[in-house]
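Think of it as A, B and C in the order they're written, each chain with its own count starting at 1.
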Amino acid sequence: MLKRSGTTSGTILQRVKFPALVALTALAAGLPLTLNPYWTAVFVSIGLGALLSLSLNVILGRAGIFNMGHAAFYAVGAYVTAILNTRFQVPVLWLLPVAGAASGLCALLVARPIIHLRGDYLLIVTVGIVEIVRIALINDVGGLTGGANGIFGIARPEIFGIRIRRDIQFYYLVWGAVALTVALFSRLDRSRVGRALSCIKEDDTAAEGCGIDVARYKLLAFGLGAFWAGMAGALFAAKMTIISPGSFTFWDSVLLFAAVTLGGGSQTGAVLGAFLVFGLPEIFRDFASARMLVFGLALMAMMVVRPQGLLPPALRRYDTRFITRGERAAGDGE
Amino acid sequence: MKPLLRLTNVTKRFGGLIAVNEVSFSADEGGITGIIGPNGAGKTTLFNLLTGNYAPDGGDILFRDVSLVGRKPHEIVALGVARTFQSIRLFSSMSVLENALAGRHCRMRAGLLSSMFGSAAQRREERAAVERAVRELEFTGLAEFLNDKAGSLSYGNRRLLEIARALASDPILIALDEPAGSMNQPETEVLVRLIRAVRDRGISVMLIEHDMGLVMQVCEKLIVLEYGIKIAEGSPAEIRGNPRVIEAYLGQD
Amino acid sequence: MDQLFLQLVNGLAVGGIYALVALGYTMVYGVLKLINFAHGDLFTIGAYLGLTLFVGMGLAGTLTVFPAVLSVAVMVMGLTALLGGVLERVAYRPLRKAGRLSAVVSALGASIFFQNAVMLVWGANYEVYPEVMRPSTVIFLFGTGVPLIRLLIIGVSLMLMLSLYGFIHHTRTGTAVRAAAIDQGAAALMGINVNRIITLVFLIGPGLGGVAGVMVGLSYGQIDFSMGFSYGLKAFTAAVLGGIGNIPGAMLGGMLLGLIETLGSAYLTIAWKDAISFLVLILILIIRPTGILGERTAEKL
């Protein structure tokens, strides 16, 4: 009897959550008005990092697939955007879905033969992929990628006739995208697909044994995560106007991997992880050249103190109040 | 009664070891079939062949005239064969209700987009699935725990949750691998009633069990394996008097 | 033909270095199922410590080349081994019961820490090993001039690998290491002190890695603070190629990778040199998911 009250605690939580959400939105919207240009720029890059972290969270945090080559998919999106924009003048925002699709498609093609590999093998293969992509970009494949110098002159995005140029405009664009992503991915979490990914993360043999097509859902997670990374790449290209292979290295993948793991697997965790990984080094700027040293130490310390990550996903609760209850169990005595 | 499941000359080798050797038998629709035998007789291997976790090296497994050989485990679940695991494989950081919902997965259709954007059909389906999962938890006597972490349940209740998860997939046949393992006497009695109630719902049951009391009590037909070979088949009464079986069991100790 | 022979020697020399570093990855992985991402940086530290010992302590002047190199190598081995032991205590032991991911990230943190520590201590520019320490002797084999140092590297790495192999397979402690790699729980029940085995593995691996660092300095002359990244990644690739957790596999994988990379960049394309090894890795894993010598373990249900 006592346990059944658990269903009402869900609504209490929602009651607290809503004002909190409003407050957070107001805070996020007001924040750039108080920031100097430097910190606005920092927040834009944290926002891009959060988008990427959320996209990797689908693969690593939710489905438990060790992908340490996420920068490769980010790169595909950024380069597709840059090439189509500079050569054919396609507006950047139109290219968002194109960049996503290109990168998602690449991910599916690449992941298909390797998706069955065990965790650490998959990890090193994804590291290999990000290195191969970087080297391919440097070698100017097909004469399209501009070699080591990359591509410059990417147009700024335009919404309703407003050209997004200043950091403060990018702030709203990027963090709006983050909010939308959190909303969509949270819904996904609480669905058939999201549950299937959680099951796979926890025990893929058991998942397969209760009817989940493990290979298919792993690929789905890979494809979705890469799609989102591709779109983030398009925004990145539009923000920077110049992209080069140096932005898509193994270390960028490592930082994303760390952000997701620090976050612990939840959507808010992924955003928080991005703050820590892309924001902390900025705060440590006082340490000057030692800041990455301190960052490395902080990474170790955070994992030792909280190995499960800062915000692991909470137990999902479902509304069961509509079900009339009280039937006797089959095993009850006569 | 027509046979639901028919195994013919099913063989599985691991290197030089023949774990299951030319085993043939059939199980009836609506029956409770037990597979018994000493440790290492090949019982669990046989189950894993049935559920697609292993591929047989020879022979065929027909389920309602459809061959299960070469199919992946999730396809076999969709065809109507659900299982539990000897070593209890729940999703222990997920809630009890979610574990049962996971079993419902193969009867649901919602894809990526409808899940992300929450279409009306998706919400309807989700609601129906939650209701069905709750019903299975009520059926197995776990309803009071539905918002608890699966990992926090007692061992006996974890076994019951595995059964609830399997039942949520609308099985035609449910395969239970040592369902009474690590259960005490009162828990085992609840289990016996549950297995009968499952059968009364029209679901055929196949089980592996070491608890002879339970096997003799609930099974209508027994298959006895020793060293991968079927040494006897029949009703509990027939098996109890079978000299080969007595020898196999006594010889073991 | 001469060219091919020279390339083979170069490939084996690089391969020997990869193999030594790969051993550190594979031994740690074998026992702890952990990818020690900081291993490549311990290798870098080995190279720099070697340099400091040669130059700073004046060894370069006072002793003749051979004893100087030998004593430096031994000292570096001891120091990096010590560092490996400390690393295990601080960054990995507290996480042994936690999930795999947290240990991976802690390892990445350690790697970032070490790499930046090297940069702060020795500077961001590359350093050069003293010319006196690098014998420029060329030996003529089959009519081809082969740098003596490359042959020495092949010889020393083979010798170290054979000693390790002998230790692992023919001593009681080595047997305990193998037992702990198969099943830590069972090993502990048999009276093996698993903690000591883990410490031992973290001494041996970084020790060998440190020596490999000195070998790179002696052979190629130039070292820099980020070299652990590419060598580490290649060595880890070699370990996976051979079947991670498998000691002969790491040796084979390292040698093979060294050869493939050297021959590939000599005869195919130099621009894609670093991509070749990864392409080979991916192809091999598609065909053999457990690596060349890795065994497939059937999962118990």
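In the analysis below, a residue touches a chain if its C-beta (ideal position, glycine included) is under 8 Å from a C-beta of that chain, and two chains touch if they have at least 3 such contacts.
For clarity, every value in this text was computed on a predicted model and none was experimentally measured.
Every chain gets a centre from its CA atoms, and the centre nearest the mean of all protein CA atoms is that of A. Put simply, the chain farthest from subunit B by mean CA position is C.
Subunit A and subunit B have Cα centroids separated by 39 Å.
Centre to centre, using the average C-alpha position, subunit A and subunit C are separated by 34 Å. Mean C-alpha position of subunit B lies 48 Å from that of subunit C. Contacts with at least two other chains are made by residues 205 of subunit A. Touching two or more other chains at once are residues 53, 85, 89 of subunit B. In subunit C, the residues that touch at least two other chains are 301.
Note for the complex: subunit C touches subunit A at residues 29, 33, 35, 90-91, 94-95, 98-106, 108-117, 119-120, 229, 233, 236-237, 240, 244, 271-272, 274-275, 278-279, 281-282, 285-286, 289-291, 299, 301.
Within the complex formed with subunit A, the residues of subunit B that make contact are 51, 53, 72-74, 77-78, 82-83, 85, 89-95, 97-98, 101-103, 105-106, 108, 110-112, 115-118, 122, 125-127, 129-131, 134-135, 138-149, 160, 165-166, 169, 190-191, 193-194, 197-198. Listed in rising order, the residues of subunit A touching subunit C in the complex are 60, 66, 113-114, 116-121, 123-125, 127-129, 131-132, 135-136, 138-139, 205, 250, 254, 257-258, 261-262, 289-290, 292-293, 295-301, 303-304, 307-309.
Touching subunit B in their complex are the following residues of subunit A: 1, 3-4, 6-7, 184-185, 187-188, 191-196, 198-199, 202-203, 205-214, 220, 224, 315-320, 322-323, 325, 327-333.
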